[in-house]
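Order of writing sets the chain letters: A, B, C and D. Residues in each chain are counted from 1.
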Amino acid sequence: MSPGRYPEPTVDGVADWWTTSVTRIAPGEVEHRGVPVQDLIGTTDLVSAMWFLVRGDQPSPGEARLLEAALVASMDHGPQAPSIAIARMAMTCGVGINNAMASAVNTLGDSHGGAGQQCVELLNDVVAGSASAGSLREAADVVLTRWRSRSPYIPGFGHRFHPRDPRRDPLLGLVAKAKAEGTVDGAHLAAALEVESLLAEGRERPIPMNIDGATAVIYAELGFEPELSRGFFVLSRSVGILAHAWEERQGGRRNKGPIPPSILPTYRAPAPTERTGDA
Amino acid sequence: MSPGRYPEPTVDGVADWWTTSVTRIAPGEVEHRGVPVQDLIGTTDLVSAMWFLVRGDQPSPGEARLLEAALVASMDHGPQAPSIAIARMAMTCGVGINNAMASAVNTLGDSHGGAGQQCVELLNDVVAGSASAGSLREAADVVLTRWRSRSPYIPGFGHRFHPRDPRRDPLLGLVAKAKAEGTVDGAHLAAALEVESLLAEGRERPIPMNIDGATAVIYAELGFEPELSRGFFVLSRSVGILAHAWEERQGGRRNKGPIPPSILPTYRAPAPTERTGDA
Amino acid sequence: MSPGRYPEPTVDGVADWWTTSVTRIAPGEVEHRGVPVQDLIGTTDLVSAMWFLVRGDQPSPGEARLLEAALVASMDHGPQAPSIAIARMAMTCGVGINNAMASAVNTLGDSHGGAGQQCVELLNDVVAGSASAGSLREAADVVLTRWRSRSPYIPGFGHRFHPRDPRRDPLLGLVAKAKAEGTVDGAHLAAALEVESLLAEGRERPIPMNIDGATAVIYAELGFEPELSRGFFVLSRSVGILAHAWEERQGGRRNKGPIPPSILPTYRAPAPTERTGDA
Amino acid sequence: MSPGRYPEPTVDGVADWWTTSVTRIAPGEVEHRGVPVQDLIGTTDLVSAMWFLVRGDQPSPGEARLLEAALVASMDHGPQAPSIAIARMAMTCGVGINNAMASAVNTLGDSHGGAGQQCVELLNDVVAGSASAGSLREAADVVLTRWRSRSPYIPGFGHRFHPRDPRRDPLLGLVAKAKAEGTVDGAHLAAALEVESLLAEGRERPIPMNIDGATAVIYAELGFEPELSRGFFVLSRSVGILAHAWEERQGGRRNKGPIPPSILPTYRAPAPTERTGDA
């Protein structure tokens, strides 16, 4: 039963294959990271519980409130966001609400929300670089040049729709306040503002931080690794996805397409040379 | 371009196709159900914001705390839950964390978490029936008989692993307290306790409420429609899914199967009659 | 390590947990249902291999060709199908082509393609009923009455877009030919035509079989269980999903919404009474 | 309704937003790439139809047979493949067969099947490089060095389970035959054999091509772009996913975890220093 190149399997080895520090269960017991679940229920707020379960350490109240602001800010941006439209269409296809949410969450990829993850990386690079560079400005310049060589988009800055994202100011205001209170050290906020200022240079219209950038400042200040910040964005946007899925359910439509059925997608016939024979 | 049986399409009709009351955007503006997003950031806790975005009304602080307890209680049950194992395996296949979460969330179906939705229905049935029946007990008896005719499982009661689910008592305790404070009326709590008592009759080992049942009491007391309670369970379990996906990422394994590679699944050869020829 | 109520675990028990008759692997060996994979490669056509792997028996050439026709016929219906639109939008969000395909396949639910599964059930019911009923017509009438009591839609009949689905005639023609050749017995074809005729009675415009109905006839004639026929539909529609995902990739768009960004979804403000306070 | 920076929207613009060359529908008509669907049904084999729908050109019979061999070869590798285990577990959670297939397909990422896509890129690089390099060997050496600097894995070569993948020889044999018949030019086959030979140098145990490598040779010889070859792999593996989902359904298990319920995952308690407070 066991192929030759592996050690002899044991039941303990099977248990070890699924080793975890997140949750321990035993008959009548559920423990999260060493704490019985009944000690969390009714005593711990959701945001602190999320932080604790995922990271394993405890946030201070100030840290939890900063994370909470990021989570509240990213919940939804309406049906023009592909994930939201997908949730609504899926909901009309005769699947469960969990399935509709999954099809939607699945699309929160590198260019749809994933910009936050990349922006955390970018800010980490600037902060790390500023130690050796002469100044924060110099470090930001180096990092920007590197990112621009890879893509025309600087993650977390600029918005194709909002000249100035209304979520930028309140989020950055909370970070500034948290720095003043000693909750965070403000290094990533300073880095982000430096990048924003560099991007605006020589332009009539600036390229201000967007929601991905402003929440990236929070995640970075709180010490979230870049990919984990994407995970928290998924939790936040899942709320908007649920809100829209539920609204669509109440409308009762079946098999909703992307545009009204009275409009047919334009058909672009293949050029004759594209065809090499008959079917 | 427009097929005959539909009215002439208009741009307004296209805008109407995606009508929503959840979120309004305009350049520089994001509004959730009539409230500018900047008025929510930093002032509204996550649970109240979730409730507001999804349902459109405002919870009282007591209602929000009850919902919060349900969300904290259901976050995780470890890798033996299919959704958690799926999240962890997906994470080793070279996909994004959003993709791993989606594969997992997708499986929170009728028998994996969906029991909560069914239990809300069952409790609603008992409460509705108690108006016409002579007593709550009678109503519960009628409803139980009906459910038993469909399935051997009564959703929300009994657990294949826990003799008594450790999350039951703290959750029901909070509901009882909320009833005492006038936050909820307690009708669904009473219904659930009646069902639990009926199920225990004549048995040596009772069949106490499990996590799905105890949270169903909360969702039902708060007036969540059954399917929406499933949606909120998805939000809660997404936290555990993220915690495990992230833990697996840090382990760095590639293409993790369900059991160690040293063990091969048993192969059950087809009976000769099952084969009708050669391939 | 093992909770009390279960038997002592063994490594063999772990291997048995994943027992399968589909595939056996050993170092240097891959065997599908008893046949070495190298005996299938280059000798077996894809449709016969699909049938063999999934069902475990071998189709005759005539059976394979009938299944092939069903698979070719259902590949695509353009971007107004939710699954296709979802695949295309997902593709612009920075995820892999497998992820875009998954978000799309996920929506092939009870009302989007799942009608085929239900139609197989309906046809099975009519065929089974015709044994005891006086006539096929009587059996069809009984079954139709039962289905109508549950839903206004009779699965597999009528199309919101096509007055007559162009895929109906060629598919039914192939089934009739297969009956003439003794490949199938034609009982489900007869049942479907009887239902079609009953549905047309007293109506000016008939309600002809659609693609779901015509392929359901094939699946039912070939002895596929209803849910399995949905599985094969998923395989077929996955081809169209891939075609559209790939076309969208080549266009290079980022974060494609359901309608052009120049159009904003209509916002329906909540009625004043819906609001119960400030956020 | 239309935000300022976009051109005035029109209904034609909405139709154009969903422009496609894959499928045209009109009442009573379905046309794939200029061919009425009824001309494909019963006349075109599934593999040629797949190629035609996705790529838009027609394969020769020899090309279609080569693609068919790749599709038949990759269908399944048993429950130790994460995607297969996921499909089976999902199937027990009370979701549809399409949902179970989606959760599984979703995990065919960069390290689970995606190696084929990367191997096509690698082979393309070697072939392209051989024009300027002095020899194929030299080109292969340059490309291998570059890939090795990025990852310890050379995609398409070596297998953690099979010393020699049983699918390698029959697939490469078919490519060699196709080259002899003039169906393909054999450049990518030569490149792959050169890489294999380079990898074996100085080693006691060679690192032969695996299924991803052997099918990559076929996709590359047939001119499939790398990402598209992943798409076709998804179609192929979807068959195995369905076979296992269906087998699991017939077993009737509910909420199947990755290991028998008698085994609990090992709990690794956090080190004291990891904890920063009480929950």
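Everything that follows uses one rule, which is that a residue touches a chain if its C-beta (ideal position, glycine included) is under 8 Å from a C-beta of that chain, and two chains touch if they have at least 3 such contacts.
Note that the structure is a prediction, hence the values are computed from the model and not measured.
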{"item": "Pair of chains joined by more contacts [C-beta pairs], A-B or A-D", "value": "A-B"}
{"item": "Farthest chain relative to chain C (centres taken as mean CA coordinates)", "value": "A"}
{"item": "Euclidean distance of C-alpha centroids - chain B vs chain D, Å", "value": "34"}
{"item": "Chain centre separation in whole Å, for chain D relative to chain A (CA means)", "value": "27"}
{"item": "Chain A-chain B separation of Cα centroids, rounded to whole Å", "value": "22"}
{"item": "Multi-chain contact residues (two or more partners), chain D", "value": "1, 3, 9, 11-12, 14-15, 17-18, 20-21, 23-27, 32, 40, 44, 49, 78-80, 85, 95-96, 98-99, 102-103, 106-110, 114, 161, 258-259, 261, 263-266"}
{"item": "Chain B residues touching chain A - in the complex, by the definition given at the top", "value": "1-3, 6-9, 13-14, 17-18, 20-25, 27-30, 32, 36-38, 40-42, 44-47, 49-50, 53-54, 65, 68-69, 71-73, 75-80, 85, 88, 96-99, 101-103, 105-110, 113-114, 161-167, 169-171, 173-174, 227-228, 230-232, 234-235, 238-240, 242-247, 249, 259-264, 266"}
{"item": "Of all residues in chain B, those that touch chain D in their complex", "value": "1, 3-5, 9-12, 14-15, 26-27, 78-83, 85-86, 89-90, 92-95, 99-100, 102-104, 106-112, 114, 160-161, 254-259, 261, 264-265"}
{"item": "Chain B contact footprint on chain C (complex, rising order)", "value": "3, 11-12, 14-21, 23-26, 32-35, 39-40, 43-44, 48-49, 52, 56-58, 95-96, 98-99, 102-103, 106, 161, 258-259, 263-270, 274-279"}
